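One chain, chain A, appears in both complexes that follow, with chain B as partner in the first and chain C in the second.
So, the complex of A and B:
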């Protein structure tokens, strides 16, 4: 094909005049995309907030079934991954080519650890019949304890669930709403993590080829923006889902 | 015609050179073809609705089918025609040309947005083809998420996907206008078309994600029996309405702001005068986009919201009228003592002003809390928003196509025939929708498949108008298609107009300009641009004779 697109010279795409303009454009594009993302998550945060306000007790017992140790661990993992991502951007800007690859791999590994822990947490919810749908049963765990469970914890949960049912006959439905939102919000967040992991794989491939230099490191920088944004979403999700009305 | 231009700049005219193109001009034409298909589908459905309403008992279909007809008409027209029409076709083609850039900032994302549109469109067509859907284009829950037995899920998936096409287009426009302007193209030398698209893009990137997440939640609710918006499971249907209208009211401005941009280009060109109040027109576009985000709950005055909320939203809705009126007064002031020529785009633009004024003023009736209780959910509302969306947005779109057709194809279309089509469109439109104002005021509810016999005269008038309107749309399709091959060669600047897009060949080369242009003049400066061959205050001979 002849002249069917505006041509690219080296790292400079044809529609731009200078690398500087190209970089500024890419960064602005990512910022605007993140503004869209804020509103995208925003609709769900609003739905969560309103229902949390309506059904405070039911949402509270939902929160208490989450494993705060795993959640807390994941929060630390994600914050660390933001640090390694920032280091990757810094290494690219200062021309430390080997370090770029190393930090990108570290970021990807931490992201994978986060997703792995999320799988464990989701599996617990399956085991405890806390998946929204016909099998949903808020009382299942306290009435079917396994030998591995701490009896004191089971007793505390039983008491709490009974108290909630006494004040709200529809606790099951309202707690189910909590879990619907829990899975929708963390699921969408995990989906963003998976997309981010895909981008990281691509960056690692490119950085092995030594593509990133102090002159050209736009992809590392804008994937960095995205990665930090996904982390920040978790920084909001963690207290909202795990910490409010936490008493066990 | 230039030897090489964007249409023939590849070996042959093969389909691959189109489907894999990243040229914003070619992508605009891809969009032109696909939105026309959806316009045609929506138009056929509208025709069936109007035929059905010829008799009080309903002349054509069963009540269930009638529900599907108006739903599918709304979905096809709003999400797949009106929202992409001007931005994705004219905006895509013109914004880089108008600001002196070689392409949009992200050409590949631009192509991606077209593919997303097509994938979303396929899902929706699948829904139409497998029984259709009957929820109304508003998808109110729990009807859409629990009770409807029609093909709601694929339609919701399709609209969800299509939203990202809109977001990416908006993102591309904002970034392009920020970083891709030619030397000397300052913010206040930008064409008002670009300002209008900037405002539209703000709505696209900030509103569309909200409907995306809302439809995602409603879709999950339908597929997995969740309860976000279902009162039987503790959810809140009013929340759905708030989230839905948070996008869908600003969406009206996605449709009409670009049309206002088109009119702001056409009016000074054919009045041969600098536009009156440039900065006010530019600012009013942004004001409409901003205030437009704060009025959504006026769709819910009778849904049970607090009096104070209703008062606030009523007040804010009145407030949108101010920037809208600023535009209309500025256009009128531009016409004043101008040397007006009646070229076809001008006829469309004047038609736009007439219809938009009626549509806008009746919007004030609906923003009034007391009156809204009487006319809510009646044909008054139907007439009002058709005046804005069809009378405003579609008139602007067709007018814009006529204005820039010589730039897009390098050829002119028959002059008298196109002026005649514009008049037909105006007359047909008024005959179709004006009776609906009266019907609504008399109490005929919208979305009913039957009506009392005393409403028949007005309904027959409306259907008769619709047939004239259909002719008004078919005529341009025919002669514009004809002109692509047989029209007179236009030359770079047939009208002539001041914009940067008229400084390059028609059709433009792939890279838009042979040399990067440098802007040294103010916008719409018809008084001191000797290069246009205009003597100030003197009427010009038409650019082309009567064909």
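So, the complex of A and C:
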């Protein structure tokens, strides 16, 4: 194996003069990466905006099939996980090594809860024939109610869907556009969460070894940037996907 | 080190503000403000995102060059959104422009 030697004094790599300069450089690099992420997600938001303008009715009924309680719960969970992430950075900066581990574990747990709720939501969409493809049918749920469903809710959905078909014959096609975007956007967001969870596992492992201190906490700070960015994406996704047309 | 340490109290206040913002968004979505529903929803989301960037991500206490990168990313996003939407508004055949009357497309 080729030996790779980097000139390094403790946590300070050779090309930097001070730890502070090293941290500022890492932060700048992370922000540049996040700028590319803004444009990456921006393209999806743009596609969403254009299609929502063209097919507002279909997007509205699609959005109303989402569970606002689960979505709202997930929003709270994700913002709470951002708080615990920020607290992990604070604990590292003030030298509270045990707290760093605790807050990182809390962040990972909340992230896992978010993904678990997302699985429940995706499962519901499978059950209701709302996955874009051959089986897609906007009328399926209201015409196949289960005993667990609230009859008033089913009646309201039936009326809403019938009204949509009356004004737009291609409602099924256009609602599929909504669900394609729903799965693409929340799926991409969930993928970012999974990557973030992997990074957190690594941070937790390092924090057990007492690696993060007031002098050196760059990895916690940088992963924190990433985690908060993913939170911001959800802050936009929640109103755009769940709350399009709730007032009736 | 001379870096600015944000107090845990600040983080807690920001968290409470984000929760208030989330509650307001859900409440506003169930009111009928006509065309302003989307403006209110995106307005609140932008305020929340700004709070996260400024305090959780320490942008307020970052060096100028980091702040420049943040402003640039938003600016590039604005270019992409504005020019593409302007394209859809002006280059398509008249019937399929972004306007409320586009439903007649398949008639």
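By definition in this document, the second predicted complex is superposed on the first by the 240 of 248 C-alpha atoms of A that agree within 3 Å, B and C clash if a C-alpha of one lies under 4 Å from a C-alpha of the other, contacts with A are read in each partner's own complex, and residues count from 1 in each chain.
Everything below uses one rule, namely that a residue touches a chain if its C-beta (ideal position, glycine included) is under 8 Å from a C-beta of that chain, and two chains touch if they have at least 3 such contacts.
Small disclaimer: the values here were computed from a predicted structure and weren't measured.
By the document's definition of touching, of the two partners only chain B reaches A:25; chain C does not. In the superposed pair of complexes, A:177 makes contact with chain B only, with no contact to chain C. Once chain A of one complex is fitted onto chain A of the other, the partner contacts of A:68 are limited to chain C, with no touch recorded for chain B. Put chain B and chain C next to each other and count what each touches on chain A; the higher total goes to C. Using the contact criterion defined above for the overlaid structures, shared-chain residue A:106 touches neither chain B nor chain C, since it reaches no partner.
When both complexes are overlaid on chain A, the residue A:15 reaches chain B alone and has no touch with chain C. Legend: residue contacts after superposition of the two complexes on their common chain; A:79 is shown touching chain C, with no touch to chain B. Contact with both chain B and chain C is seen for A:50 once the two complexes are overlaid on the shared chain. Touch criterion met: A:42 reaches chain B and chain C at once. In the overlay built on the shared chain, the residue A:133 is in contact with chain B alone; chain C does not reach it.
In the superposition on chain A, the residues of chain A touched by chain B in one structure and by chain C in the other are 24, 28, 32, 35, 39, 42-43, 46, 50, 54, 170. The touching residues of chain B, counted against chain A in their complex, run 4, 9-11, 17, 21-23, 101-107, 109, 167, 171-172, 174-175, 178-180, 205-210, 212-214, 216-217, 220, 224-228, 233-236, 239, 243, 510-511, 516.
Across the complex, chain A is touched by residues 1-3, 5-8, 11-12, 14-15, 18-19, 22, 25-26, 29-32, 37, 41-42, 44-45, 48-49, 52-53, 55-58, 62-63, 65-66, 69-70, 72-74, 76-77, 80-81, 84-85, 88, 96, 98, 102-103, 105-106 of chain C.
Note for the complex: chain A touches chain C at residues 19-20, 23-24, 27-28, 31-32, 34-35, 38-39, 42-43, 45-46, 49-50, 53-54, 57, 68, 72, 75-76, 79-80, 82-83, 85-87, 90, 93-94, 167-170, 214-215, 221, 224-225, 228-229, 231-232, 235-236, 238-240, 243, 246-247. Within the complex, the chain A residues that touch chain B are 1-6, 14-17, 21, 24-25, 28-29, 32-33, 35-37, 39-44, 46-47, 50-51, 54-55, 132-134, 170, 173-174, 176-177, 180-181, 184.
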